[in-house]
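Chains: A, B, C, D, E and F, in written order; residue numbering restarts at 1 for each.
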Amino acid sequence: MISLIFITIGILFNLLGCIGIIRLPDTYNRLQAATKCVTLGCCSILLGVVFHFGFSDAGTKVLVAIPILFFASTVGAHALIRGTYHFGIKLGNKSVKDDYKDALK
Amino acid sequence: MSNYLNILLYIQIGISVVCMYRIIRGPTIPDRMVGADIFGILVVGICAIISIQTERSFILDIGIAWIILSFIGTLTLAKYLTGKKLNE
Amino acid sequence: MKGMTLIVKKTTQLIGGMIFMYGIYVVAHGHLTPGGGFAGGVIIAGSFILITLAYGDDFLKLVGEKAGTTMVESFATIMVILIATSGFLFGTRIFFNNFLPKGVVGHLVSAGVLPLYNIFVGTEVAASIFIIFLSLIIFKEESSK
Amino acid sequence: MNPLIPLFVVTPLVGAFLIMITGRFIKESDKYLTSFVLLFLVFISFYSLLTTGENLSVYKVGGWEPINKVPIGIYMVMDGFTSIFVCIINLIGFLSAFYSSSYIKRYTAGNYFYALFCLMIAGMNGVVLSGDLFNIFVFLEISVISSYALVAFGVEKNELEASFKYQVLGGLASFLILFGIGFIYWKTKTLNIADIKEVFNAGYDKSYYLFVQILILSGFGLKAAIIPFHAWLPDAHSSAPSPISAMLSGVLIKAVGIYVIIRLFFNMFAVSEGMAILITTLGTLSMVIGVFLAIGQWDIKRLLAYHSISQMGYVVLSVGIGMTLVSRGANQEVASLAIAGGIFHLINHAAFKGLLFLNAGAIEYTIGTRDLKEMGGLAKSMPVTSATSFIASMSISGIPPFNGFFSKLIIIIAAIMAKFYLLAALAVIVSIITLASFLKFQRYAFYSKSDVMKNPQIKEVPFPMVFSMVILSIICVLLSLLAIPDIRDAILTPAVNILTDPIKYSSIIIGQ
Amino acid sequence: MRYITMFILSLIFWLLLTFDLTVPNIIVGTVSSIICSLFFGRFFITNVYKLLQPRRYFWFVIYLFVFIWECIKANLDVAYRVLHPAMPIRPGIVKVKTTLKSDLAKMLLANSITMTPGTISVDIIDDNLYIHWIYIRSEDPEIYTGMITGAFEKYIKRIIE
Amino acid sequence: MIAYIMCFILFLVGLYGVITRRNLVKIAVSLSIMEISTFLFFALIGYIDGGIAPIVDPADPAKTYVDPLPQALILTAIVIGLATTAMLMAVIIRLYRKYGTFDIREIKKLRG
């Protein structure tokens, strides 16, 4: 039962991330929404799986999977956003500040 | 219980299909890559739910392998985006 | 500064070992779960690719150059063929004969020679995928000179 | 259980990977190792040719015995037809490898060359020996992928482009074959050729069966370069290094194309008249169009490549005639004669086309060009090359004492006896045009006067190349002995019997 | 020393993954851990002795709770911005100076920042973190540095340095 | 049944790409699409309604499994496909270095 609650929460977060990736205007903001929501959502689903299987071989396997998922998604987001900036995509027209431009010179 | 899980599974699959929209539509290359990255993470969720549904734990193995390969793919594409060589 | 940013470098330190161990897990449990030599080999090669991406060619100097990978690959293939031939020598003159005791279904040490095949196929696949990656990278570097 | 059978695959595989290791430590060990491995293979293949005869020996990999007469393991089969092929592959392979030991000095990375060569040999032996559809596919891909790499071995513009074309069309063919295998597996739930035959005998759906046959024929036809699918062959065969051209043209298109077509259409599918007439038509088309495309060529190797298409047309034509007769159920002797003529011509073609490509390689090695207009008068400075190439030219165009004459004669006689008068006439005309084309080749390359012959630098090629060419020309002459009825009965008749008998192959394999 | 740390960590990872305490499994795990430490040990953590101090683990647990709380806040924040019809975003890249010294700490800080309300770290150059912020609340460097790094920096300092 | 038709359509899409595209890399991608449609077809013919993945569970071996043979065949075919694709990409990269373009209309030295 408790696993179902976790999974439901996770899917709600995933849904939010999905709406974000469709609605937001430029690449940077899409990455913002998507990474956070989807990572937390999937971690939550995996936690639900841990509670479902209990302390067994499957449960510990999922416990191992959570840090891998966490690091993979955050580092992936970081590398992607840096790559996007170097690729030459401009910040959206709503943006107000850009300190990184100076640092690259 | 299993009915409810089924509904959740369909919602999750629907979310990843919507992600496909960004991969196909995305106006620039980085947009498509963001879509692919997010899609890779969502698949792990699908694997987890299926493993509960069928009570077979080896599907989790597939999920972990998927996230690892997706991570390597994302890093490689990000490396390509920065446009630098291996040793820069 | 070679390679990618500090964040990527430090995280690959943490996660590279994990990926390597996971690949070995997939190879070693190949006769019990889905996966086996090919899938595990791809994951092991993935860990090397990850480190190479993050650190530039520092890692290559540790493992040896491209030539070394070719050697590993050839050696592993010869080992696979030799295991096949060992059935010919010890068993009843049949290639691919499973002459070791079979054990109990579901244990780690079971299924005769299948785990040995898995291990060497895994080594072979890891080496060859890594060599494909290196070749494509070196092609790219040479062409942009 | 004949323990020799798997050695045909295992030895070259071990050799290939040993070369990669020893080639790095011991210099020039690669060529000796390759020659040694292939010499060993030649010995055991001739041994098995002599001992096989009418027998059929089966090897079950892994020792899996059939359950309820349903085969579950991987089977390797050695019969009369197979043993002939194994002999051709290993003999031409050995001579080409020995020839390369001096030819390949122009290129760097010799050990890669020899490793790929051994892999190609292993793949072809595997295709010929396996009695299982999917293993045919796997070994076919092994040999074909190594040939992709070997075609591109020179990494110049021509080679790369030819290799690209070859790979795209070869990939297409592979997927057609895989689709065909999938359709067969869907209906029969088995992959063993003999077992599929048994299942088909119990009854099948006509249109489905036709669809599968078309898929398989177009897939292997692409690999064999029968005429509507021939686009890749001239480029690939002319761009590869010369020993590889000899292997590709002399052996590879036969082993992975013609052999599988003959084997599957006789021993797996029930022989049907419509399909037989289609195959005969394709053979005739390739025979005629190939030779007409060859006339206008001035590049030696392209000329030889187009002649390969034409000569393969002869083989397919005569096998098609035999198939038609078998399906009609009449005139079994004529059918046997036609098929025997086809197989005979196939063996001959391996010998003389291999020799011609080796000659072309020798000419290119000496004067550095492949254009007929730029050479001439080489007969004085290169006597051995000239003599061997004369023998090969006379063989391919069917001049009496040489082997090509007898096989063409058998094909034409069979066509006349089967009342295909038009096809017989076409075969004669094509033979005459071939003669004309090769007279042009002889005249421009060896006898006409030109500036090249005044160059004192030109002399005979080194010993390994001469050795291979001389041996092949002796074989060219000796092969005409196969026309004598006693020898033909000993070698060709078992192969023909296993093909024309509708149930022998499957019943023996299932029975064991 | 580094190699031994790597060995122990990978053995723990292996045991968690297989969840099987039979003898063959442990032997396979040991052998593969040795191989793993030979390959990857060179790149691993430098100051090993810090792993032996228990209070660091205590702070790590507290840090985890803080972190999860921040994560949930981040998600609700994003949810608000995404679902609001007008989409109140004000994005930009800001520069933040950190006081952390070691590389591992910087990495942990950057990853934490990535998971907190509306921020993703773009790059690290020396001591400066460049951060993409979805809604810039203030233009003053002092204030926004506190907003972004303040929650984590002190814990990370206690854990690692 | 619709799945079979879909995978045949996928095959035709790949064939269309191989015939009409002018870019070397796109030809390679189209070949990969054809390859994958073939694998999909193999996976479909092994499917049994209500069957589960063919991993034997020691606790409860009597279940309905799907046919494992096509899956083994696909694994082999995937490895072969990997080799083919790597070879093709290597040749394409070499061609790009020689000609400086991916356009097939400009890479036309050989004729006939």
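One rule holds in what follows: a contact is a pair of C-beta atoms (placed from the backbone, for glycine too) under 8 Å apart; a residue touches a chain by one contact, two chains touch by 3 or more.
A quick note: this is a predicted structure, and the numbers were derived from the prediction, not measured.
Asks: Can you give the shortest number of steps from chain E to chain F, where adjacent chains in the path must touch?
Replies: 2
Asks: Go through A-C and A-B and name the pair with more C-beta contacts between its chains.
Replies: More C-beta contacts join the chains of A-B.
Asks: Could you tell me the distance, in whole angstrom, between the mean C-alpha positions of chain A and chain F?
Replies: Taking the average C-alpha coordinate of chain A and of chain F, the gap between them is 31 Å.
Asks: Express in whole angstrom the distance between the two chain centres, defined as the mean CA positions of chain B and chain F.
Replies: Centre separation, chain B to chain F: 21 Å.
Asks: Where the CA atoms of chain B average out and where those of chain D average out, how many Å apart are those spots?
Replies: A distance of 48 Å separates the two centres.
Asks: What is the distance in Å between the mean C-alpha positions of chain D and chain E?
Replies: Chain centroid spacing, chain D to chain E, equals 63 Å.
Asks: Counting only residues that touch at least two other chains, what does the list for chain C look like?
Replies: Answer for chain C, listing residues that touch two or more other chains: 4-5, 7-8, 11, 15, 18-19, 22, 33-34, 140.
Asks: Using the touch rule from the top of the page, what residues of chain A touch 2 or more other chains?
Replies: As it turns out, chain A has residues touching two or more other chains at 17, 31, 35, 39, 56-57, 61, 64, 68, 71-72, 75, 77-79, 82.
Asks: Residue numbers in chain E touching 2 or more other chains?
Replies: Touching at least two other chains: 13, 17-18, 20, 110-111, 121, 123.
Asks: Using the touch definition up top, name the residues of chain B that touch chain A in the complex.
Replies: Listed in rising order, the residues are 1, 4-5, 8, 11-12, 15, 18-19, 21-22, 28-31, 33-35, 37-38, 41-42, 44-45, 48-49, 51-52, 57, 60-61, 63-64, 67-68, 70-71, 74-75, 77-84.
Asks: What residues of chain E sit close enough to touch chain A in their complex?
Replies: By the definition above, chain E touches chain A via 13, 16-20, 71-72, 74-75, 78-79, 81-83, 87, 89-95, 110-111, 114-115, 118-123, 125, 128, 130, 132, 134, 136, 139.
Asks: So in the complex, which bits of chain C are touching chain F?
Replies: Where chain C meets chain F, its residues are 33-34, 38, 105-106, 132, 135-136, 139-140, 142-143.
Asks: Within the complex, which stretch of chain D touches chain F?
Replies: 134, 137-138, 141, 145, 148-149, 152, 155-158, 160-165, 167-168, 171-172, 174-175, 178-179, 182, 185-186, 189, 191, 234-235, 239, 293, 302
Asks: Touching residues of chain F toward chain C in the complex: what are they?
Replies: Interface residues on the chain F side: 53, 55-56, 58, 75, 79, 86, 89-90, 93-94, 96-97.
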